[in-house]
Amino acid sequence: MDLKEWFASRQKRKELQENIKLPLTTEDYCALWTQCFQCRELLYTKDLRANLQVCPKCQYHFRVGALDRIDQIADPGSFVELDAEMTSADPLNFFDTEAYAKRQKEACRKSGLKEAVLTGICAIDSQPVALGAMDFGHFGGSMGSVVGEKVTRLAEEATNNKIPLIVVSSSGGARMQEGILSLMQMAKTSSALKSYHEAGGLYISILAEPTFGGVTASFAMLGDLVIAEPGARIGFAGRRVIEQTIRQKLPADFQTAEYLLKHGQVDMVVERARLKEVLSRLVSFHDVNQAGKNAADANGAGENNRNGAVKSEQLAK
Amino acid sequence: MASTEKKIVPLEFEQPLAVLAQQIEALERQLGDNPDLEGDIDRLQEQYNLLKKSLYVNLRPIDHLAIARHSQRPYSRDYFSLWDPQFMELHGDRKGADDAAMVGGLLNLGGINMVAVGTQKGRSIKEKQACNFGMPQPEGYRKALRLFKHADKYGLPILTLIDTPGAYPGLSAEEHNQAQAIAENLFELAGLRVPVVAVVTGEGGSGGALAIGVANRILMLEHSVYSVISPEGCASILWRSNDKVPDACQAMKMTAREILQLGVIDEVIDEPLGGAHHDHQLAARNLGEAIVRQMKSLLKMSKDEIRIDRQSKFRAFGAFAEN
Amino acid sequence: MDLKEWFASRQKRKELQENIKLPLTTEDYCALWTQCFQCRELLYTKDLRANLQVCPKCQYHFRVGALDRIDQIADPGSFVELDAEMTSADPLNFFDTEAYAKRQKEACRKSGLKEAVLTGICAIDSQPVALGAMDFGHFGGSMGSVVGEKVTRLAEEATNNKIPLIVVSSSGGARMQEGILSLMQMAKTSSALKSYHEAGGLYISILAEPTFGGVTASFAMLGDLVIAEPGARIGFAGRRVIEQTIRQKLPADFQTAEYLLKHGQVDMVVERARLKEVLSRLVSFHDVNQAGKNAADANGAGENNRNGAVKSEQLAK
Amino acid sequence: MASTEKKIVPLEFEQPLAVLAQQIEALERQLGDNPDLEGDIDRLQEQYNLLKKSLYVNLRPIDHLAIARHSQRPYSRDYFSLWDPQFMELHGDRKGADDAAMVGGLLNLGGINMVAVGTQKGRSIKEKQACNFGMPQPEGYRKALRLFKHADKYGLPILTLIDTPGAYPGLSAEEHNQAQAIAENLFELAGLRVPVVAVVTGEGGSGGALAIGVANRILMLEHSVYSVISPEGCASILWRSNDKVPDACQAMKMTAREILQLGVIDEVIDEPLGGAHHDHQLAARNLGEAIVRQMKSLLKMSKDEIRIDRQSKFRAFGAFAEN
């Protein structure tokens, strides 16, 4: 599907029209100075943001909010949000030391977001993609019904429009306050990805600091390609739980992106500065309209690779 | 019946009952010397029966949890062999491990050939250790997946029995990508074109349970529990206190009846009074009948319908508001 | 396909008629007494054979020749051999300290067989199956072009007749004297099994003492179900080669059937006395005509399982 | 050219050539003092060129083996980066390991997007150890399989480069079912519906080579070898002697031209004089052109034709008599 077509068809959809939020801006919660978690350098917050939240001294990758993440990946002005108004219910009437309803309000106030994931359609170097970005700053990026539903709908949107799907995960896991329903979101999102997979889709999962629990054990680990950000901590069980269970000290790099790469769990670790470029090339390399089709349709190699942006210069030399 | 019952280890909330039982026993021993005691014994026995009934209808969530975790509760292997003495176990993930916490094989239940898979806790200390207390490793989930694919190939319906505290939080489990193993099962189960019936027979612990729980029909035994996190984990995170486990049990709505009310499962199967551990045979018969009934109705659907049925079921889960 | 039909259709095939070898008898090469490899007991050879070549004292499973193996598995008189006359060529004109051609003759004389595998169609408890049995006594059970071709044809026969396939492997690996062509037999047999698999077939692979190298790394490890005989040594590389490479002593049970079971490589270890019974039940459990078909065709559970010989007695109690 | 050549470590059979080169060099050093030497130098140079040409047209099988194993020979990673400086490597089997002896990723060669997979030997001691001297473990074959399936999904053709002594004969390799890993690759490669081109670039060692070698078109570089067992293994088993390696090389017919004659491969690709290690750029260009030519012709077939083409090719291998 052509990006222009998509934008045209979108115009007809009333509920989407109401939700257009362009351009993306948000009040920053950071103060004037930020100290680097890793090298302890004091950084001017504005410079840090300009450097994609990467410490210029030690390359420590700070967490990125969903809005900033989208800005870093999507072509400027191209992101059109889906399901922007979806909010959590409280199916269990959950109360621990505080009511879930109250905690939800508090989370929204702190993050400036309605939920822990933003989803939408955008362009990457003019190639249309379905993009989701989680925000750890909202309720620890936990997956309740809304995260599950929005990711599921995004996968369905990608299936219907035959466009690549990219989700940036950053989450502490399932949202306990929604009980068994939050667990079921793991199966719901995975099921939607299964249908997307069989339709020949390309799903690139990006694992950002931190990704754990039910999110890792569902859509985050189901990418056709899986990319991790440098230094990001990624796993199923938390480090402390494991240490308590096995009564053994864990290696220092345990559950880091680099550890996962060494243990064959991610395709690549990509520094944030190169992320958009890599995504763009991966998207252009895989023709999602080709997948499942007969190779004979392509009438030879050139045609078969008409989406290929990467050209071998070496061979021509 | 009474003699079988006596061997059963009472739970904490069953103490009043145990005390009464001891009193009855004491009186019975004196009965030879003093025949007048018979009336007292009868009265106590009546009291015992009343208490027993009222006790088991007013169970708190934490009591269900205790029954679900009772070490004499029937485990997957018990059910399989009670249902089919010729159950043929199939081992291994073909890639280096045979996880004893995940048992699977070829089962004939009520005349239906099926592939059965279940988590396994083990009863003796040695068994428990071999089974890692019912906590599978990635290799266990991959073994299950291999059997699911085997079933799909031959059109054999799948039965899964769930009784696990959860996937094992260990070093090599993370190294071998526990998360991916679970996710892949969710993904592949969604696409199967044979009927899948899942039963929570004891503890349904989080993602480690769900990894064999993406089914067309989900049943829970009366005293089983199913939750997104262990009550201990929930209490420690939300209340920062290990004393608040009963509150966590309450708050999470993890009992069979509550989960049924939330619309996540299809049926609650009655257990023998006091719990399945009081009568393995009866528990197996009740559960077996329910499974066969569900399987028979599912086997009427076409392969495509079966898959759509399962995917639609999970598609609907969630509670949210749109503007 | 019904067994009777198969036998009827077979009658029409001239080349098969010529090759009927019923009943199977062979001159035994063993002397009057045999000493058990494991417990050192001296056993009367005739008794040992009557006990399926299993030591009655320590249950050591002796190697079984292809003819005896077929006798142990097939219903009496039911085995009809395929490709009985196929013999090795000498494509490389191979000569080491002796010509390959001469070694081949010597192998035939010693084993009484034309090649290291016998293949055919037979019945197991009246259920038709395609059955292959390797003979370690012939050229170390090595796989050259003939073994590759016969196993491939057997898989094709099973595919065409929609019947289960059972192969008992026992081999030292590829036959060096046929060079690269013997290596290619691994791919040829695996490719035939891929087609059989996609046609919904049931392939049961039985690993007998010893199974190594190119046979293990092709058809022997590709069973839908894999069964090993107790104590059988099974692996890819030989124990000595590994010890020389890693300069480390290997565990005593390394590469035994029981070791493979522990390491998840085989579905079950089945003692020879129960092998036929287990095979019969596995064949009856899986409806190869059902595989790939729509479940709705079956009109309910009973029909769906009409081949199921195993009935639950417990539930009826 | 001469200066590049000098850095190259000569092989044993190249010693006469090396001696001549040293003599020429010595005379050249004296040339300033004694201009009369120029004629001698020219004569020696001519002799050198003649010897070089005759040497490389009369290579024994063992000489090809030596060139195939030359530590300066270009490896998979060299070819990938020479062909496509933007080659995107994809890591891991997703289940616990990233075998460095098996390299794979997304390659654009001659304008064709493809998935490329190759064994990798490593050049420095450290690299060699990391790459296990080019001997993959089961995890390496499973990583390759993952990439093959990725290619199949997106209709991307597959290129494999083979240069391995074989699969690693180790303890954990056996534990993790090396045999099954290889067998599964043979099985799955047979079923792929995208073009597969395999090239033996160095050593084609047994099942460990074939596991990425079930292709529609199989090419071999001029000095590469391909055999069912290593010549050392063959000599030790059949001759019971390590001195008989040259005889084993001869007997097994393992050189590119011999394998072509046996009908197992489709094409032999010329190498720069003396071997690919003398000119990586030229070797890569020649090979790249051959691959692109083969790929283009394969891409004209339908997906079904591609699969049938591959399966038919392997179906035909074998030499036997029927009665």
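Every chain is named by a letter (A, B, C and D) in the order it is written, and numbering of its residues begins at 1.
Rule of thumb we're sticking to: a residue touches a chain if its C-beta (ideal position, glycine included) is under 8 Å from a C-beta of that chain, and two chains touch if they have at least 3 such contacts.
Keep in mind that what you see is a predicted model, and the values were worked out from it rather than measured.
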Pair sharing more residue contacts (C-beta pairs) when C-D is set against A-D: C-D
Chain whose average C-alpha position is farthest from chain D's own: B
Centroid spacing, where centroids are CA-atom means, of chain B and chain D in whole angstrom: 55
Computed distance of Cα centres, chain D from chain C, in Å: 35
Whole-Å separation of chain centres (CA-atom averages), chain A against chain C: 51
Averaged-CA centre spacing for the pair chain D and chain A, given as whole angstrom: 40
Numbers and ranges of chain C residues touching at least 2 other chains: 263-265
Shared-contact residues (touching 2 or more other chains) in chain D: 94-96, 175-177, 180
Chain contact topology (line, ring, star, complete or other): other
Chain B contact footprint on chain D (complex, rising order): 94-96, 138, 142, 175-177, 180-181
Sites on chain D touched by chain C in the complex: 167-171, 173-180, 182-184, 186-191, 206-207, 210-211, 213-214, 226-229, 233-234, 237-239, 247-248, 251-254, 259, 262, 264, 310-311, 314-315, 317-323
Chain C - residues contacting chain B, complex: 200, 202, 224-226, 261-268, 278, 281-282, 285-288, 290-296, 298, 300-302, 304-305, 307-308, 310-315, 317
Partner chain C, residues of chain B touching it in the complex: 82-86, 88-99, 106, 108-113, 139, 143, 150, 153-156, 193-195, 281, 284-285, 288-289, 292, 295-296, 299-306
Touching residues on chain A, where the partner in the complex is chain B: 83, 85-92, 94-97, 145-146, 148-149, 152, 174, 176, 178-188, 190-195, 197-198, 213-214, 216-222, 235-238, 241-242, 245-246, 248, 250, 254-255, 263-265
